[in-house]
Every structure is written in C-alpha cells, then in structure tokens.
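Letters A, B, C and D mark the chains as written, and numbering starts fresh at 1 in each.
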Amino acid sequence: MLEIIEKVETKIPCLGPAKIDSPLLTRRSDIFRHFIEEDEQVLVNITQPHVNEQIKNKRPLLAFELAGPRRKIYFDPTKLKCGIVTCGGLCPGINDVIRALVMELYHVYGVKTIYGFKYGLEGFIPKYGNELVELVPARVANIHELGGTVLGTSRGPQEIEEIVDTLDRLNIGILFMIGGDGTLRAAAKISDEVLRRGLKCSVIAIPKTIDNDIHLVEKSFGFDTAVEKATEAIRAAHTEAIAAYNGIGLVKLMGRFSGFIAAYATLGLREVNFTLIPEVDFDLEGESGLLEVLRRRLESRRHAVIVVAEGAGQKFFADQDLGTDPSGNPRLGDIGKFLVEKIKGYFASIKMPITLKYIDPSYIIRSLPANANDHIYCGFLAQNAVHAGMAGKTAMLVSCWHNIYVHIPIKMAVTKRKTIDPNSSLWFSVLETTGQPSLKN
Amino acid sequence: MLEIIEKVETKIPCLGPAKIDSPLLTRRSDIFRHFIEEDEQVLVNITQPHVNEQIKNKRPLLAFELAGPRRKIYFDPTKLKCGIVTCGGLCPGINDVIRALVMELYHVYGVKTIYGFKYGLEGFIPKYGNELVELVPARVANIHELGGTVLGTSRGPQEIEEIVDTLDRLNIGILFMIGGDGTLRAAAKISDEVLRRGLKCSVIAIPKTIDNDIHLVEKSFGFDTAVEKATEAIRAAHTEAIAAYNGIGLVKLMGRFSGFIAAYATLGLREVNFTLIPEVDFDLEGESGLLEVLRRRLESRRHAVIVVAEGAGQKFFADQDLGTDPSGNPRLGDIGKFLVEKIKGYFASIKMPITLKYIDPSYIIRSLPANANDHIYCGFLAQNAVHAGMAGKTAMLVSCWHNIYVHIPIKMAVTKRKTIDPNSSLWFSVLETTGQPSLKN
Amino acid sequence: MLEIIEKVETKIPCLGPAKIDSPLLTRRSDIFRHFIEEDEQVLVNITQPHVNEQIKNKRPLLAFELAGPRRKIYFDPTKLKCGIVTCGGLCPGINDVIRALVMELYHVYGVKTIYGFKYGLEGFIPKYGNELVELVPARVANIHELGGTVLGTSRGPQEIEEIVDTLDRLNIGILFMIGGDGTLRAAAKISDEVLRRGLKCSVIAIPKTIDNDIHLVEKSFGFDTAVEKATEAIRAAHTEAIAAYNGIGLVKLMGRFSGFIAAYATLGLREVNFTLIPEVDFDLEGESGLLEVLRRRLESRRHAVIVVAEGAGQKFFADQDLGTDPSGNPRLGDIGKFLVEKIKGYFASIKMPITLKYIDPSYIIRSLPANANDHIYCGFLAQNAVHAGMAGKTAMLVSCWHNIYVHIPIKMAVTKRKTIDPNSSLWFSVLETTGQPSLKN
Amino acid sequence: MLEIIEKVETKIPCLGPAKIDSPLLTRRSDIFRHFIEEDEQVLVNITQPHVNEQIKNKRPLLAFELAGPRRKIYFDPTKLKCGIVTCGGLCPGINDVIRALVMELYHVYGVKTIYGFKYGLEGFIPKYGNELVELVPARVANIHELGGTVLGTSRGPQEIEEIVDTLDRLNIGILFMIGGDGTLRAAAKISDEVLRRGLKCSVIAIPKTIDNDIHLVEKSFGFDTAVEKATEAIRAAHTEAIAAYNGIGLVKLMGRFSGFIAAYATLGLREVNFTLIPEVDFDLEGESGLLEVLRRRLESRRHAVIVVAEGAGQKFFADQDLGTDPSGNPRLGDIGKFLVEKIKGYFASIKMPITLKYIDPSYIIRSLPANANDHIYCGFLAQNAVHAGMAGKTAMLVSCWHNIYVHIPIKMAVTKRKTIDPNSSLWFSVLETTGQPSLKN
C-alpha cells in the first residue's frame, strides 16, 4: 500500500531567466556532459492503478523537476558570493555537504567567494558577533572525515529581517541552508522576505534530519550511518540482557515524531523484542500493556530487549507542561527514564527480581562521520543544490524521489512530517521480527 | 538522462490459480496486514516527457508487478517442501537471505520442511553426493552475523535434467535460487523444464552480484557493504602513495563487466586520481595515455592513486586466449598485474624512480557479513521472494525498482547487463572527483 | 618512581603432592614442550637501587611462582570434574576465558566433565534452582565472538557453606572463578572452607575488573578493549563540543576506585581538557575549582571536553547515605549527573550560555567482545589457570607480572586496590595532554 | 623457559655532563613531577633461579637505565634545534611518534625549532633536494588520526658522511630516528661519526618494526594494531574456505625473519589450521609434509586455513639468486605465490578438486592509523626519547623492558634479531590452536 500524494504545487520559483552559458559547457571538452532540460521531470506517484485512473480521468500526472546541471544559468560565477549555514542538531554527513558545496562551486562553476556562517542562524545576527569563515577547497578538503559540523550550529529561530539584512549587506547570491524542519520554515520565510525586497538571492535547502522525518525526502543523509551505529547499542543491550537472570536491555533511540531509526535498527539487528515508536500507541498497564507482556516474556525467556524512540509514549506526559526547546518544538517527556522507573516499580511491586540496563547512545550516533554510502549521497545532494542555485531556483530543497534527484518546493515539504504507516510492510516486518503483540488493551 | 526501458514482457508466469487462503489472513488478529492486489504495479519508466509521449501516442505504460503478500496462495503450507541453493562467488548478505527465507517460510507461512542444497548446483547432482541440510529456525538464527554462505557454493552449470530429477524426487514445491547471471540463466532453464514436465515447482531467484551488474536490479544486496570496505583499500593505497616520493597506490576492485564498485568507492573516499572501468576505454601509451598522464601527475603532485575494476582494459589481452572459467565466463586478463608491469616498465625506461604498491582486497570484501543496511535489504528481498513463491509465481526474481519491491521475469533480467553509462551524472561525478582526463589519444 | 612491594607471602597453597604424570608429557611426541620447575620464579621488585639494597642487607628477594604446565599433576584427568563460574559486571573477554578453560581442560588434559554454573554465585544455591550447563568444546567453540558471558552473571555474595555443599555434592575438583574483588574474597573463603572440610577442591581465580584495579594484576583482561571503545565516546563529546558555541562534552567512564580507563582513554584520544579520577581530589567552587577554570577555558577556546571516572568526586556526596549495592560495595553518588547540574547551574547563574552534552557509554563498552589483544591474553590466562589447577594449586589467581604469567595468592591480591599514583608518569602524561591545572584551591 | 641475556654493555653514552636545570622543574608548580635519578635501573634478567645464582657467584646483576625526565639536562632548550626522520616501511603509529616528539619538545621543554627530514635518509642528501619541513604543534596536532608518515619515507642506506654534513650544517642538537634494523645500524654509524667529528649531536632511535623483531624491544609500536587487522584477513580466508568444497584459504602476513604477526594473529582468531613461520622448518613433500597433511585435513574436514609469514620456507628458494632490496636485505622468495602453485599442482596431480583463495593484506595492515593502545604506547616512547635526548644521551634507543621504559644502547639491540623460540609457550599455544603436527619428515 503505497502512499498517493495529491494536490500539490511542484513548480520551483526562479529569480529570473537563466541567460548565461554554464561554465560546464566548455569546462572539460574531452568529456561529454549531460544537461537537464526544463521539461524533464519525475512522476510523484508511480503505481498502478493510480496512474491509469488519473489518465482515464484526464487529470494531470504530478511530477517533480529533475535536479542536475542546466545549460543556461542565472548567476555570473565570477561575481557571485555564496553563503552556507548549518542549523539544528548534529547528523552524520553535514561536513560532507559543506565540502561538496564548496568543491562544486569553486572548481566546477568557478565561484571564488564562499562564506560559512558560524553557529547556525546566530551567525547572521550582529549581536552574536556575526562570525564568518571564508571557505576555500584547501580548508574543507578533509572535513568529511570528521563528524559534526565545522561551521558550528545552534538551535532556534532568529529574526528573519536581520538575516536578510546580513544577506543584503554581504551581497550573497545563493544561500545554502542545511537543516531540519525548523530550518526549512526559516528558509521559506527568508526566501519570501528576499523576494519582497527584490533582492537577487536564491535560498536552497539541503534537508537534514537524523530522524528521517521530512515529507517528500525518501531518505535523509546520515540516516544510514545512524541506523548502523544504533544496532551497536542494541547489541550491547542484548548482551547485557542475556547475561542476567530476567535481564532487560532498554535502548532509547532518536525519533521525536517518527520511529524510523528504531524500526530500521530493529531490522538491522534482529535481537529486539519490543519496538516502541511515536506512531503506534501502547499501554503500560493492563493485560495487554507493556509491563504485563514483558513479564510473560521474561517468564518464558528470562531476558528481553526493548527499543524506544524518544517520541514514543508522549501520552504519559500529557499532564505535564514541559515547555518548548530553543527551536520552538515542544519538549518531550523523557520516555527512557520514565520506562526505567515504571519497569523497576512494576517488578518490585510483584517481587520479581530483574536486572535492567538502560542505554542512550544518541550523541555517539549523531556525532559520527558519514559512512561510505552517506558520503556519496551527501556529495550528490550538494552538487545538485549548487546546480539549482546557479540556475536561479529558490525556495526549494534538493531531495531524492524514487531514487532520482529532484527539486521540491520548501513549502510543500513542510506541510507535514514523514512518519511510519502502521499498516506498512515496514512496520509489519518490525512486528514479525520482534514478535511483539499489539500493546493496547 | 535516465534510461528508458522498452518492449519488454513484464508478466510473471504462475503455476496455477491461487485458491488457498493465506495463513497471514488469520495469523495475527491484533495487527492489520496489508495485502497486494494483482493489479498493483509500478511503472517501469517514470520520467517526463517520456510518460506523456506514451500517453499521447496511446501506448501502454510498462509496469512491474508489486511484490508482497497475497490474500490467496497457491501452495498448501502444511504440505509444502522448499529448497534453497546459493551459487557463484561470495557476497555480503547471502546468509541473511537464507535466514530470512527460512524464518518467513517457517514462522509466517508455517512451512516446516526446508532443504538447503550444499555447494551450489552440485548439491542437486548425485555424483557429488547430493548433500542436503534441513534448515530450521534454530539452525539459521545467528548466521547473519557471518560472511559467506553456510550452504557452501560452487561455480559452473550442471545438467538441468539432473537438477529437475532431484527437485521431482524430493517433491520440492518452491526452489529459491540465490545467484548471479549464470544462476539466473540456469533458473530460467530449470523453470522451463519443470513446466515441460508438468511439475508443480516454482523457481524464484534472489539476484546476487557483488558487481551490481544485473539488469533491472537497482542495487544488488551486499553492494553497499562492498563499497564501504573498498574505501578502506583506497585509504591504504593513498597512505602508501603519499609516504613515498613518486608513490603510486594501485587498487584492483571487483567488476567484471561493470565498474560500479570502482566508481562508488571513488566517490566514497575522495582520494583517487584515476578510476578505470570496463565501460570506458583507455589507452596506455601516447600523449593522452595513462602512463604519460600519470607521469605528469607525479611530477606535479609526487603521488597518485589508481583504482581499476578487474574487467577494465581487457583490450590489452585481445591477443591472448584465456579460456573460460568454470561458470563459462571468458577468463579476464589480470589487469592489476598488467598495470603493475607496464607502470614499472615505463618509469624504469624513463629513469624516473617510483614506489608502486598494489592492493587486491577482493576476498576480504566479498567475505564480509552484511552491514545494517544490507541486513535490512536482504530481509525484505527474502520475505518478498517467499510471498511470490507461495502465490505460485515462477521464473521470476525479486528486485527493487524505484525503491519499491517488484517481481521481474528472469528472462527479462538476463537480456543484458547493467553497466555505467559514461554520459551519466555518476560517471561525471567520478571524473570531477578524480580530475582525470579522457585517457584516449 | 616504581612502587616497591614488601612483606608479602607469595607461596601458593597445594592440595597435596603432585604425583601423576602430566598427559602433556606424552601427548604430542612430535613437538617439544617446556615444563615449569617449582623453583622458577619472577622477582616481585626488579628495579635498582632496591634490589642491590636487599642483597646488601641480606634480605631475601621476593618472587612469584611462574605459571605454566608442570610435569607432575595432582588430579587424575580421567576422573576429574571441573566447574566454571562468572560473577559481577560484564567485561570484554569473559567468554574467551570460558572457552579457553574448556578447550585446555578437554583437549589438552583430557578432562571430559566441565560444569558451567549459571548466573554467578547464585548458580550454587539450591533456592535459585542451581542451574548447570555442561560445557563441551562444540558448545563453546564460537563464544569468543560474543560479548558478555554465556554463563550469565549476578552480583552479591552467597552463603559460603551452601556453595561448598554444592561443590562437595557435585564432586568438583577444580573451581574456576572469573570475577572481581568481591569474587576474589569469596574465592578465598570458599577455599578456606574447602580445606577446613578436607575436600580435595582447588579454587583458581581469573581476575576480572574492567576498572583494572586489582592489586598485583598488571593489566586486567578486557581493559584494552574498553579503552579503545571509550575513546569513541570522547570523540563524540569532542565533536559535540566544537559544534556549539561554548560547547561542553562530558563523558562518564567506568572506574569506581581507580581512574585507569579515564586516564588511558584520555591518552588514547588527545582531545580531553579535564580528566577527573577518584585518586585526585578536585574542587568545584573557588578560583581554582573546576567551574571557574572551565569558564576560563570556554572564554579562550569556546569548547571543552571533560572525562570523569564514576568514582571521582565522591566527597560531594559525603552527606548522603547511598547504601550499598548487591555486591556490598558502597553505592556511589552519580558524579556524571551531579556535574551536569552543577555546570548548568553555574553558567546559568553567571548568564553565560553553554551547550552541554552528557555521554555515558558504560554498557556499550563493557558488553563488547574482546579485541584481538584481549582474545590472546584471555587465552593465556585461562591456559595457565588450568595448569595451576591440575597441579593442585589453590587459593590463587593467575596474573601477569612484568609481562610473565605468575601465580598470586588471593589473600595477597585483596589486601588493597591498584590505583593511579598521582605522582606517576602516567598521571603526569594525562596532565600534560589535558593541560588541566590542579583543581584545588 | 625465559631467555637469559648475558654479557652486554648496558651503559648509555653521553655527550657531556648535564648541567642545565630542566624546565620541568619549574614549569607546573601546582603539580608534583617525579624525576629519574641516574642510579635507577631495571634488571635485565628477573627470574629465579638465575638471579640467586648470580648473587651466589658474586656476578653483577645486569640492568638497563630507566627512561624518564632528569633534573639536569645537557641542552639549552632555547637554543636547541632538533631533527626527526622516518625510515623504511610503514607501520601504524609513526605519526603518533612524530606528533608526541614535537609536542614534548615544544610545549614541555620549549624547543621551538624542529625539522622534519622528508622521505627518510634521502632527506639529508643534497642530490635528492634535501627537503625539510618545519614541525610545529599546529602542523602535527591531528596527524595521529592518519596512517603512514607525514614525513614520507624511503628504504636503503645513504652516505653517513653526507648525513652528518647536513646535521652539522643545520646545527642539529638531537636527531630522532624512527626506523627498523637498518635504521638502527645507520644511527649507530651516524653517532660514531658525530663523536669522531666532535659535534654535539645526540642520536636517539625509536625502534619501528611491524614484524616485532628487534632484540631487546618487548613489543614494537604498531604491532598490536597489525595483529588486530591481520585477524580480519584470516576471517576472510576462513569464510572463503568453508564456502567451498575442499576450500583452502591462504593468508600471507608480514614477518621476514620472525613469525610474531602470524603467531599472534593465529591466537587472535582461532580458525587457522596451519601457521608457517621463518623460525620453524617445514617440508612440502612426503608423509609429514604440508601437502599430504593438508590433503588429510581436507578429506576429514573439507576446508583448511593456512597462515604463512613472508619469511617462512625460504629454503625452497635456496637455488635462486634473488638479490637484495634497496635496504640491502636479501630479497625473499614469494612464499605465498609459491605455495599457491605447489598446492594447486599437487591436488591437480592427484585429481582432487580444491578451491584456493589467496589473500595478501600487508599494505592494508601497515598503512593503518594506530589503535588506542598503540596511540598511548607511541606517546610514551616519544616522550621518553625526548627526555633522553635533552639529557645528552646518545647512540641509544627507547624501549619497554618488563613493562618499564628504558634506554638501550643501539649497538646492543642490533647484535641479533628477536625471533619466536619454537620451545616457548607462545609457539606451543599456536600448535595447540591450529592442531598442526610437525611438518617435518
């Protein structure tokens, strides 16, 4: 059952007509270079019977613009200044994206002035000191070996006016924004304000989310690396669990709204007995609740491994006002510690001895350098972001759709979050692997 | 420029009508399970303007059958016997596939008799002893932690008649064949002979090729793991190269007909200066030939890293009759050692001292256990292979197309090999990363 | 300044005279085998001027018995039954020790009956079910690939009387005990009780402590693996710290009484700015206290990495009664969380924004399989434990002293803990690497 | 049976009296620093009955000088210039040594001028261009993350006169030489020539040998890392071997004269059936020869793993004149390829089908960055080398003896190579693990 996406506007805004010959036309005469034509697109929905129904009903087939180099570009590379900023939490591959942006701009298009804004959106704001670094190939050549971001990052919004003032003052032609949901929203606002002021500044986002939860982004960069490492924590939990009589290993993984890391890590190391994600409700108490089912599991097998996404079970904190984090997201209740207490309390109350080990590997995972697969993926994302920006596209993000690189309007991507469909084969595979029942009374 | 695939027959043959209720319908009443309808399909070509032209010209849109569980199945699980065989060279993930086949058959469908044939197709042939192992969950529970194949493997064809005699004698209802191009051809013949004899035996292939070169298979399992490990050898070559004056690191990677591993590994660790693949011709001698270009590189940078796919430069062996290997493939000339000799000879002739280190990591790569990504992928491939077999489909392979699991007729997959298009953005990215010119005079 | 050890009794008790020809004498006639003579010993103190002073003063030179096979053994292997038990927390290499004990007993000495007691000392106690597993080579052949312990473990003492009753009832000739300080004390008591009852049961300990804190044990098994992995957490902390403005990465590592893991991990990845260990007192407040020094560090460098051993700074909990854990050790205050709160509170109070990331990788570290070095080390420890037991030695542990395998009386090893000497070159190297001042006012 | 070392001169030559107060005396007033006194030494032989016999016979107890900082030093740090050179093959940890030398000289002693000579001894010779790099902390801060050597290396001797001319011209006060046997011999000659000319230049060697074969060096840096990685190749060989009927995996490991890597890697992953080392002769033909024993192994188990050190079986090349390599060492016959041919030929001759996979991981191993253990070890070696050089010691190497850092006269270390004693418990453990018989007729 594949999701059908409807009623969207897939057109990408442009700053103006692209009239300049791309330097790629002449750059390497010995090698053929394919250019993307403006009518090249990828269908959004590609399954039958949907497509035939659309045709029968004479409805248009939705399609995304193909990413890639254009013959004609909007900006004159010799005069162009670009900016790069990284926002929000760490994720494997950010430095790969920075590196590939700089390499493509500098070597392929000949753009020589590239600024890195320090510490996320704070880097645009005078009161934080407005720190810039000039990015040249030598400076970024080896940064893909490092986790984190060499530009630094921060959370939370900043005044859009001030950001655009800075872009204007520095005469930035393309701003590349690497960030998650909040950053995409900021990018949309910046792009609106830029257009309102009549500035010639393209805003191109490279979506970053270790939770893999951005709508219309099939797989976010760093996700693969994160899943691989998350299985290590599960292995540790399993080793601890089987080493003790009634041993329980509990692992909290990232995933505020979507349980992708929890689900994929469960499939990546098949030793998990319970996977709890935000998309699927569960009870603690009662015959079918987690505690009782866990008890039965221990009695039959003497150990259990539980993986919980950080956003799972938020209903248990419904009566608490946790406020919001600097990014403006509502703060989550700490489901990991909550489960530790509830499980300990329950087994103490029934006088059943257990040994519970709790593992939270989040920072170890998100600070990793990218694995080879993510290195490659980040490289393509960044190259396509540069092609798009040079062509004068704006208010868009680069994404991979049906394995093909495309342009997606930011406003379309922020309409909702990508989550796990509890009726999907992905979730069903998780249930088969864990053997867990519905944990609802 | 995305390839357009035309004129193919995408219909999957069936052994007969599927009339039995799937055990999945009732197995887990607490959990919703989605079933695939027979009209669910994925378009083969998904880009514009192609699709619109087809519609305008009233030509049908090609589509592949969706993989997944069916409500009605062909085989009665309680009476069914299945066979599994692994053929050809090692590849990360084979044991994952075996494990997931057994788990899905046994736990989900309730098939209790599953034979593993030992040492590839030899396992069907009486003169080799016809060794079988009975596969049950306990026996395969941890094999995904191991590289290689617990069933053993061998190369080369065996008598189709004898294979089908064995299938008939053992009353095998579904034969799962894990193998590459040669195995797919054998599977097609076995399936033909089975149908000719009127046997009720489904033949389902799970395509295995570390070279990632099977037509209509977007990415073969194990490829990801292989690329990750291949970058290690490139790192070693780079370290050796920069440690010596005029140091050259030469790495031979797998890829008989297709340079995918060489290309992706080059993008996965951006320290390669020359990537040589079967799809792109190159000269050794002359102003633009590798030797002279290498000399210029050394003079300016004092070191160089070369990655060569094993099937590159076979024109240099055109005058030699190398015979065929046990699989019937023409033997390749050893381009790695050939380059070692040519490079050493050339620099000796011009009295330029060099230090050349040659690394061949093939067996270390192909014998690895799968990484998390490949673990997951193998699991889905195997589950879908079981769904297809249970539904009575035959002469097909499971694949991923536009990121969706599908059924592909074997005869369609063996019509040609998947290769790197020298005009693709993949190859262009390699050229940008290495900086290598066309090596043709 | 190397420590001088004095006034100890190094003699190992024996169950009786060893009169039986070792099976090693005749086992492999094609290969020469060296046997240890009873007068072979290793000096305890090996530095000048100490040794010469002893000689001058006609005092004896202390020495430990050499470990290794003896020509004559005490037990008849064909009649001997052995037991193995693993106690306390996990540590890389426990399964290696179990495996090597079984392999050496079974294959080399021909002992066919080896019992594994489940879940630590609980395995001897009838009320817990007294679960046994029979250990044969096939069962343990691959367990060294796994972390944890296949026998399970538990904490805390059990009735010595009951343990010896079980040994007596099962007619155990050699009991191999793998455990830490508490286990060593239990081993001493068991051995006393065994001798008191006149049983012929040898008690041989293989010291296990991930903290590396057992007196007279130069390096405990698993320590190497633990340090390697601990550097990963430090790398994560560093990546997080530099990615934020005034970023602080705080890592809590194991080390209740001794800071060896913290110190070695600091030297193993030289990105730590403050290393806090139990052996070296530090203040929080005041001009030289951690908080103020940390502030100065942030102001000059904008990030800091802190490593704290779990037993550091216990003075801050002096007013709290934390009770004891099941092993009877006093519970430690959670210095990690304490520092998180104190640091956050301090910087909030001075209105200096910081970003603090706290990482506790303990379970991920201790559940690892051994690295190659520890695999090898565990193998030698276990082989020497078997040689000692077969020779009728008892109340001893196997250790490595000046890189030579020796027998050490358990009572000698439990007289004190091994700790880091704050005047040693080890600690000085840590101070040089971190650049941290004395954190005392 | 521990080796007894006799009749050696352990005294370290000095350039002159050390009269200058060490900057360490005053550098960190808040921290206590221990200094080594000149009479502090470690016994060379530490086992009984040897030591007591020496005492009884009134013979002196041999001892090595302790390494570490002295109160008084010879060189004035503010005026001192130092040089560093790396020679011979790669080995994990070279960059760690370079880094720690620079850090200790610069930060601890205050030496500001440190030259790195490029490409080994060639860096001293005018005709090669005499390339120097100035080494400062910022330049070396992260090099320990990289394998290889940032200074480059080369093989082979150079004119001692020219080397000393360069030292004289540059006014080098301490030359740190990182290299193996050949480099130690060169260091001895350089030091002789320096003294002959009356120059004030100390020559301090840090012994480097991945083979771990330097006399009086208990374990050479990088060895641990090498063994760990070598087990990966063995795992690959084992996976390949068991995947084929009569599968043979053959791994060639480093070890020209000593089989330490082969032996330790065998113990580090217990899947090897034959370990062949230079120290233990073996036959190919005949009833007890490798080929016939291998045949019997295959007939009973259907697979076999062989590890061969590169220097094993050189008697098979006795009739060939292989010349010498640039370092002047006799070239070895390629035992790996020789065994491949002999094994294939033998089984072809007896018409027994086999599948042989040959793996040579040498360059992948030696180009690795150091693991944590080697990082730490390299740091201590380098710090002690600096202390020694600053004190005016010369013609010595730093080593670890009975786990204590010491000074060893170079001339003593080059008197012979360290090899595996075939009667040692190390070799016996290898034989027990592999189960291999004596392969001699």
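For this structure, a couple of remarks:
Quick note on the criterion: a residue touches a chain if its C-beta (ideal position, glycine included) is under 8 Å from a C-beta of that chain, and two chains touch if they have at least 3 such contacts.
Quantities reported herein were computed from a predicted structural model and do not represent experimental measurements.
Chains touching both chain B and chain D: none.
The minimal number of chain-to-chain contact steps leading from chain A to chain D is 2. Distance from the chain B centre to the chain C centre is 47 Å, each centre being the mean of its Cα atoms. Centre to centre, using the average C-alpha position, chain C and chain D are separated by 29 Å.
Chain centres here are Cα means. That of chain A falls 42 Å from that of chain C. Taken residue by residue, chain B touches two or more other chains at no position, since every residue touches fewer.
In the complex of the two chains, the chain A residues touching chain B come out as 1-2, 28, 30-34, 39-43, 46-49, 51-52, 55, 61, 63, 66, 68, 104, 107-108, 144, 218, 224, 227-228, 230-231, 264-265, 267-270, 371-373, 375-376, 379-380, 383, 402-404, 422-425, 428-429, 431-433, 437-438. The touching residues of chain C, counted against chain A in their complex, run 90, 118-119, 122, 128, 146-149, 152-154, 232-233, 235-237, 239-240, 242-245, 249, 357-361, 363-364, 367-368.
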